[in-house]
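First subunit A sits with subunit B, and in the next complex the same chain sits with subunit C.
Up next, the complex of A and B:
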């Protein structure tokens, strides 16, 4: 029984990891219909930035989040303005290709600047666990989970209560109608992208306490994040979190019951089933006519 | 200005996009000039006159995900040529490497074609990665050119009956077997237990490398009547190994034999500690590298590996190793990150000797001389001998006198402890491995 409980806890904690990355991805897709293949690479950049901040300034990664979010936000906006904004109105394939190009660019830039060495941040609590009865919970993963929840709450609050947040939602529902209501769509897209990247930046800062950092670390999370996003419904933030937790659980339990190598096969199979039965995702609704 | 359905691509954006593109391309070919060292002029654009130099292709992953160890291996070969040239070269001619970059098997194919058809080399040394080796050697064989493999360990590289392929290094099977031999000869003895009573768990990343090592370990262990309770592969990109660790815990695995790459290896040790899984000993099937020490600090002491000959191996058993260590320290001001360059260094030296004996780089002559070599263990800088499996042997071309040695972290340094003749003086075990 203990084992099952430990598996569930592990699964949920790992799910938090997937969720935190998926939230930014789903926001970007939901608002701008951009499939951001470079999402993992922004994660990687944030992890490296956190590493250097920790090494040079001695700041704890969770504290560094306060620096990382604005930095990645700005980076997101700059990248968006330079590469995606000019082609945002053209075919979706072009923006997709652009994000693929960015992915390759950032991977090789990191390889060139920082080499392929795997770096780790050592913290006094890197190995600590919180005891819950007989179970051990990894402290760093619990921290990541807490950050995910806090960020999701903050994001939902922002989307509902602020003018920019509401413009973002308006634009994602019907861009033309939003423009008629006085929303500057170009600026809104830019800020939405920046926020999405800021969020994945926060993910990177938190995850730097859990995983090793190297130029291709973004690839590690690639497939799973896309599965989570589609599973939860494209553009649906609570869906991304729920999807993340679900995938984490499936991953953990199947890894115990079946040979570990089958993990990805199991959750991809479930993913196919969901797409066949409920293509808009678990929490997704059928999109109203309009959109672009 | 270009117009794309309502949007404008102005000149500035175009220039910036071009810069991105340039950096991407440069990033792909970026590190070549750094690792070329003295050979910067020989980057393939000059065709030699043929009379005063011996041109040999050098194919490694210098960019991409395998770049780190690919570059380290390349450095070993570069050093070997430097030292040999300082001693007069081969039959009075200087050795000149013709550099190729093979970040993956697809690139390996095109680069090998280029080295052979454009650069016109007769011999290519490579490759660190088994995938690259497998692909590149097939191209070389097609052209009837020598492929001198010093790195790839996958058994299947030399299971194709290739006439012009020679693998100097050990196989993955050897890594696996040595790991189990360490359990038999060292771990069981020190723990004062009957080796057959110990529960062994073999886990591995599931690409060609990890699988071949695990296969070798499992096969040998079962042949010796040992108790292998778990054998499982996982993806090296995994984000979480806790389910696997819980399985190992539940089965009460005493001795863990993991074969990992770097990131997953670090994840494994981290999660083992979090989940409080402490086997009596851990014997890794390879990858004895500094990253583990950097991540684990003093706790790394006692961790064992079955791997290539380490810098701290008995110098009497490994002629040339002491010189390698000295020259490497002079050049790079730090110890090698891993043992891989020692293998390429030793392999390159054997190649130079073969070219010297053959009197030319003609592939048929080289193959003949190489196959005639019969050097016992203790003849090269890796402590290995040289005897390539002959025609008709299912593993034709592999070095029958190469095997993984056992090493252990002791006082923060990796030291060889098995076989006994190769042991570093003063090496000590730490069993059980308590963290």
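Up next, the complex of A and C:
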């Protein structure tokens, strides 16, 4: 039974990571109807930022989050202003391709600047564990999970309580109606993109304590976060959190049961099934976006 | 007015013609004189031109953004190569088998996925492409896994589709490309083409007028898949070696879309134009910067793509066409003005 408990707990801890990455992605999609293929690359950038802050300034990654969020927020806004804003109202495939171009750009920029070496942050508590019954939980993983929860609560609070949060929700529900009510949609897009990138930055900072950092690390989490986002329903934040935890569990269990390499295929197949059966996600309502 | 007369009076048309001729001189002549680098570029232009034109049938005319077209390149390449390596079947028969398997795959993928629209369809095709790549890596019993597999090179010649001279592949690719463009022309002028464009512009409106959208999209997807797979076979025979990361690569899928967008989506020659621009660009920056700094060439490549998307979002083909017609209109209005003045 111990094995199953350990699998479930590990799955949930990893799932929390998937969830927080997916939350940023789903926020951006919900507001702008853009699938950000470069999302994993922003995660990678945040991980490198955290690494350098840790190496040069000796700052703990969990403390560095306070620096990473605003930095990534600004990076997100600058990238949005330069590349996406000019084409935001043109054909869908252009914005999609722009994010693909950004993905290629950032991956190779990282490769150019920092080589393909895998770096990792070593902390005094890197190998510490917390005892839970007879299970040992990695402290960094638990810390990452705690950050996820805090971030999710913070985001929901922001979306429900602040004016900007409300306008973000309004635009994601109905762009034209929101505009008629005096919401500046372009500004809302910009802030939503910035916040989405800021959130993935927080995920990156926390993740850098657990995983190695290399130019293609974004891909590893990027694909999974797409699956999570669709599972939860594109644009649905609680859905993304639930989807993340589910995919984490499925990933952990299929990784244990199936030979190495196949577990990725498993969640991709789930992805396709969800797209086909319930394209609006497990929590989704039928809308004009997907399905017939 | 004859084309030559037109050429002499029209500055824009002249510029375009000169650019095209210069490009041919820069690539075709060295290639004919045996420059391997130029030959390689031309063969890749022809192959990618075919694949992108095939993508254009469903992605351009039909407006269904497939981001998993490498699936068909991979299926085609693996079908022909594995048949040849394991059973000694000639790649010509393999080509036929590849087309049939691709069409079958198109039905299996398209039937469910065409219920999805917009980003959902794009995501589904990404996932399908990834699943096929992962399967190709993890089923070494069938595909030799990530090690890849070499083309059967025991004998050279036309029956085995293995040649010592690279230009022979160029001829094959050219024949395929011309066929593809011919088919595109036929589709463009047929009921199928008009239905596809109608579906792209407004699927609900098209359906309400009696267009069976699911059937039309599937038909276009099947044609597209067959040509992509056949191009994949020639690609494999030219490379002499395939592995999942080459022929099932998601970057390959992306490249097809990029070339189409760069040249002009939903136009007959746009995809070829896109390939003719992006392939040499990719090869040259790879040759110049690839060796010195790792990653630099793709950084430059991505930057150019970003600029193209920002500056000429409709693609180079339609944009240039617009310049020409603008010039023509200017010239015409100039002529009418003069004649008006003369009459007065």
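In this text, the second predicted complex is superposed on the first by the 286 of 292 C-alpha atoms of A that agree within 3 Å, B and C clash if a C-alpha of one lies under 4 Å from a C-alpha of the other, contacts with A are read in each partner's own complex, and residues count from 1 in each chain.
Heads up, the rule we're going with is that a contact is a pair of C-beta atoms (placed from the backbone, for glycine too) under 8 Å apart; a residue touches a chain by one contact, two chains touch by 3 or more.
Predicted model, so just to flag it, every value in this text is computed and none were measured.
**Student:** Taking the superposition on A as described, I'd like to know which of subunit B and subunit C A:97 touches: first, second, both or neither.
**Tutor:** It touches subunit C, and subunit B stays clear.
**Student:** Report for A:115: first if it touches subunit B alone, second if subunit C alone, otherwise both or neither.
**Tutor:** both
**Student:** Please work out whether A:88 is in contact with subunit B alone, subunit C alone, both, or neither, and reply first, second, both or neither.
**Tutor:** first
**Student:** Answer with first, second, both or neither: which of subunit B and subunit C does A:70 touch in the superposed model?
**Tutor:** A:70 sits against neither subunit B nor subunit C.
**Student:** Who does A:272 touch here: subunit B (first), subunit C (second), both, or neither?
**Tutor:** A:272 contacts subunit C only, not subunit B.
**Student:** Given the touch rule stated above, what does A:217 touch, subunit B (first), subunit C (second), both, or neither?
**Tutor:** Touch partner of A:217: subunit B, not subunit C.
**Student:** Counting only touches as set out at the top, which of subunit B and subunit C does A:230 meet: first, second, both, neither?
**Tutor:** In the superposed model, A:230 contacts subunit C only, not subunit B.
**Student:** Who does A:264 touch here: subunit B (first), subunit C (second), both, or neither?
**Tutor:** It touches subunit B and subunit C both.
**Student:** If you lay the two complexes on top of each other, which residues of subunit A touch subunit B in one and subunit C in the other?
**Tutor:** After superposing on chain A, subunit A residues 83, 86-87, 90, 101-102, 104-105, 107-109, 111-112, 115-116, 215, 259, 261, 264 contact both subunit B and subunit C.
**Student:** Residues of subunit A touching subunit B in their complex?
**Tutor:** Residue list for subunit A touching subunit B: 3, 6-7, 10, 14, 17-18, 82-83, 86-90, 101-102, 104-105, 107-109, 111-112, 115-118, 120, 122, 126-127, 129, 136, 138, 211-212, 214-217, 219-221, 224, 251-256, 259-261, 263-264.
**Student:** Once bound in the complex, which stretches of subunit B touch subunit A?
**Tutor:** It comes out as residues 4-10, 13, 16-17, 20-21, 23-24, 26-28, 30-31, 63-68, 206, 232-235, 237-244, 246-247, 250, 262-263, 266-267, 270-271, 273-276, 291, 294-295, 297.
**Student:** Okay, in this complex, where on subunit C does subunit A touch?
**Tutor:** The contact residues of subunit C facing subunit A are 65, 112-113, 115-120, 122-124, 126-128, 130-131, 134-135, 137-138, 251, 254, 257-258, 261, 265, 293-299, 301-303, 305-306, 309-310, 313.
**Student:** Which residues, counting only subunit A, touch subunit C once they are in their complex?
**Tutor:** Its residues touching subunit C are 29, 33, 35, 83, 86-87, 90-94, 96-98, 100-102, 104-105, 107-112, 115-116, 215, 223, 226-227, 230, 234, 259, 261-262, 264-265, 268-269, 271-272, 275-276, 279, 289-292.
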